[in-house]
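Labels for the chains are A, B and C, by order of writing; each one numbers its residues from 1.
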């Protein structure tokens, strides 16, 4: 059984049939080939699958594709403009913000939401904002520094 | 971990939703924010024949003022309640509790009604509903009824909802007095190991009214009625609150698991109850 | 040995790996797709120990999208038996199969493999496979494993003890007789899990036309997977290649061939199609591998002034059920060798028992020998408490200073270049020790509990030349190949298989500096057995900084010599008078007369080959450094404990560390902080727990708790950067995970007034129990 989905992803509108038991994460990865959004747990704890859904951060593994019908989604692939990096991506690179990179897309989308609502966060505010994203490699400090650097650069 | 197969329906009106629910009852799952349901699907713990997505039912959203208190539509996102001036003003305990729920991304999608209907005994909102003497408005094709919070939470993941009923609204009466929410969790944003919510209304120098609720101490949030009775018309003091807190936890039989022992939960519930009473009265 | 150029050394060069990761274009295992690819889903045992009575796959076979269901019945004809070959004498290995055949031996033991058009359909069919089990008693504790009346986990082993060892160094009897006091400690560490965010998986690409099997596998050691598959599948090695894609972490969990790898490759060859398996998180937590899970009884013979005269230790390692190619006994040997640490402990009585239980396999997890530092550093604080001494003073009294080194440890490895005392003093200074003690006293008067804990460790990264002999197994050289391309760019083929450590960058820094070309012109290639030099270990054991860098350096140096030799002929200048600067071959005394390296290289390609190894390609072998090889440092943590709820907050965390000269400081610091975060998890949060019936209780992230940004504090780091000789890079990958648990445990114990901690993690409930015991006692 399939359902009809209209969803805009990174500015591109898709009007397709989808398996309703697919999560938004699996739809992005399998149906649209956007594999930048990663699956780390599939039960909503690690945050690796975080995307922006109608402007707010959301765990795409905890969203059924039907729930995204009519919505706008932004993923990590939508952050850069061709080869030009988004300032947050540049700041993350300059701060050595990640190691294996698997959690990185999730952190970036969480940070985009943070900086939109709070362009000059304190370190404590950054720490709290990313507390729902797990990183096993970095101990978080370099990620926090990357986000603060992006905020500083405006 | 992929969900099992189910039929997916996305009604656009409440009547439509009620009709589908009446047809399938507990063989269907109501999808609100999905933050509790979808993990169960992914883990193949739940096998509903039908998933009813309430996301398009506009009648279930919205925060309104009602009789000096609040009416919150069941599908109101937790983040919306957190940011609402009305909620902050009239039911600050809700906002205090929401800060402890998961993380931003969870609150962006999770709903007020979804959390209440899910009835996890370690969840924050059921305890808050009990502490605020909330009334849960439920509907079915047979009509509407209002269930006081005291009667709504029955047991572990079990409420008073009949198989064909939907929670449509939470009504919070005007809160007179101060409130406090306390919880201990293993990590920031985790489910509480144990928690307490208190509302204390002072009348001059005595306690006019008090409600004290404990969470994570049994299969459902517990109203410490005995402790409340001890405190009515009494002058607030650290000693009175400490004594009431001890009474609140006597006889409780929490569970032991890898996160905490029963003894721990009982003991720390007492500590948090005392802290909640003290802060609510200040 | 001339000093290499250092243009990129010591620079926090931006990582080459970063672009693809930042833009979501990394290619991790689950991102790989092949035409006609099928998905594999394992059916796993829900029981800890049971006889398999029957497996019924008929219903599953009929389900939509199912192509095949494979059990041991299908595998047995096409695969060789599995067992562990090891250098450790007296290690007993059972013979076993890739899928459970007669019995299941842990919750999660794979019993069958469903191959289907999608993961969704595969899971539907998995749920339809009917397995009938006849339960057997689970073997969960070390006591049960050592009880001869209990059932055997592996019938052919005739025992549930896989290894036993005892060693005596010096004269421990005399030490204990002479002691003023014996201070004892028993410590139980829970099993801990690696939890790379990217789980294990493999995509087996089989071409029935050529018989070629390419296995894309999340592997730290692709060559070992290749050899293992060739052996077990009886597949010709010349037609079997393993390629590691981008990997999202491993921490030791991906260092060897897994039973699942055999099954997936078998399925591909049987079906003639590509088959992909990616484990989900529940599988990863339940069935991949577990680390730690040790029990250690340790005692120190001491004088009243705090001098440690000797140690005796008994270690029990729980290896779980199926042994891995790197068996537990290997790590026990490292524990034994490093247990004295940087201290003057010359008498040691050692006993070890490795037990077989009905649990998931024990495997190496970042710093797999860490229990030696945990036990020793916690014991030192116990010594201080029982003797009424300051824990820093006890360390000072017993620690071996640099001026006393080289000094042979009791266990046979030479302590050389270990700046432990310097790191201790630096940590004491940075944390403000004296003023902290004042603060602690004041806070205590107000009913607040503050505590401070130190831990000093040394790590063989790669360790001194006599370390292998001390441990009891042979040294492992490291290979690298450097190849100068016709355009003057350099390709370095490393045996490393990185998964976050930045080797593509650090090795490029080394090679670019050595050759004299811009770093953008160097490419580091890894992970493909067709091009990667052979290594039995790949990435692990903190080998990269010394061994892999050393090999890359030597290979690059050899290529440089070759090209300069040819350039000398072309430019009619003696090669000794030539150098390469920024990609130009220049005479030292006339730098403006340079020729582009690419021009020389191209000419070399077309010239007639001459010499022993003609051409611009060199392979180098790095065995070991002449001396030293110890990394280490001192970690110190301060905590506040809430006396009513038992919650622990880490206030400050300071690291004074020494890994010699740093190739890329930002990468070094990232490794330290990541390790410390994992160590904090071990101390306070993580427990891969089995109940008394062998049921696994930590199969989701609701129960296995990883430290998040609110649980890991800011980590302050100071680098000592000592060096024994000119080029002294040492590994740093594992120190954080080794030193953080004892630092935090000691801090909490100190906050509670000097209690004896016996069990981790220090959950709030355990903290309150300890506090109660202190108040009672």
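The rule is simple: contacts are C-beta pairs under 8 Å (C-beta built on N, C-alpha and C of every residue); 3 or more make two chains touch, one makes a residue touch a chain.
It should be emphasised that the depicted structure is a prediction, and the values quoted were computed from it without experimental measurement.
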Which of B-C and A-B has more C-beta contact pairs: A-B
Chain with minimal offset from the mean of all protein Cα atoms: C
Averaged-CA centre spacing for the pair subunit B and subunit A, given as whole angstrom: 29
Where subunit B and subunit C are represented by their mean Cα positions, the distance between them in whole Å: 44
In subunit B, residues with contacts to at least two other chains: 1-5, 43, 188-189
Junction residues of subunit C - those touching two or more other chains: 120, 280-281, 700, 702, 708, 710
Multi-chain contact residues (two or more partners), subunit A: 21, 42-43, 128, 131-132
Parts of subunit B lying in touch with subunit A, wherever the complex brings them together: 1-8, 10, 31, 34-35, 38-39, 41-43, 51, 53, 55, 79, 102-106, 108-109, 188-189
Touching residues on subunit C, where the partner in the complex is subunit A: 12, 14-15, 17-19, 21-28, 30-31, 120, 195-198, 246-249, 251, 280-281, 499-502, 666-667, 669-678, 700-702, 706, 708-710, 712, 714-715, 736
Contacting residues of subunit B [partner subunit C, same complex]: 1-5, 43-44, 184, 186-191, 193, 257-261, 263-264, 267-268, 271-272
Subunit A - residues contacting subunit B, complex: 1, 3, 20-21, 23, 26, 42-44, 47, 50, 53, 56-59, 61-64, 66-67, 69, 110, 113, 128-129, 131-132
Subunit C-facing residues of subunit A, complex: 19, 21-22, 29, 34-43, 45-46, 48, 75-77, 79-80, 85, 89, 92-94, 96, 98-105, 108, 127-128, 130-144
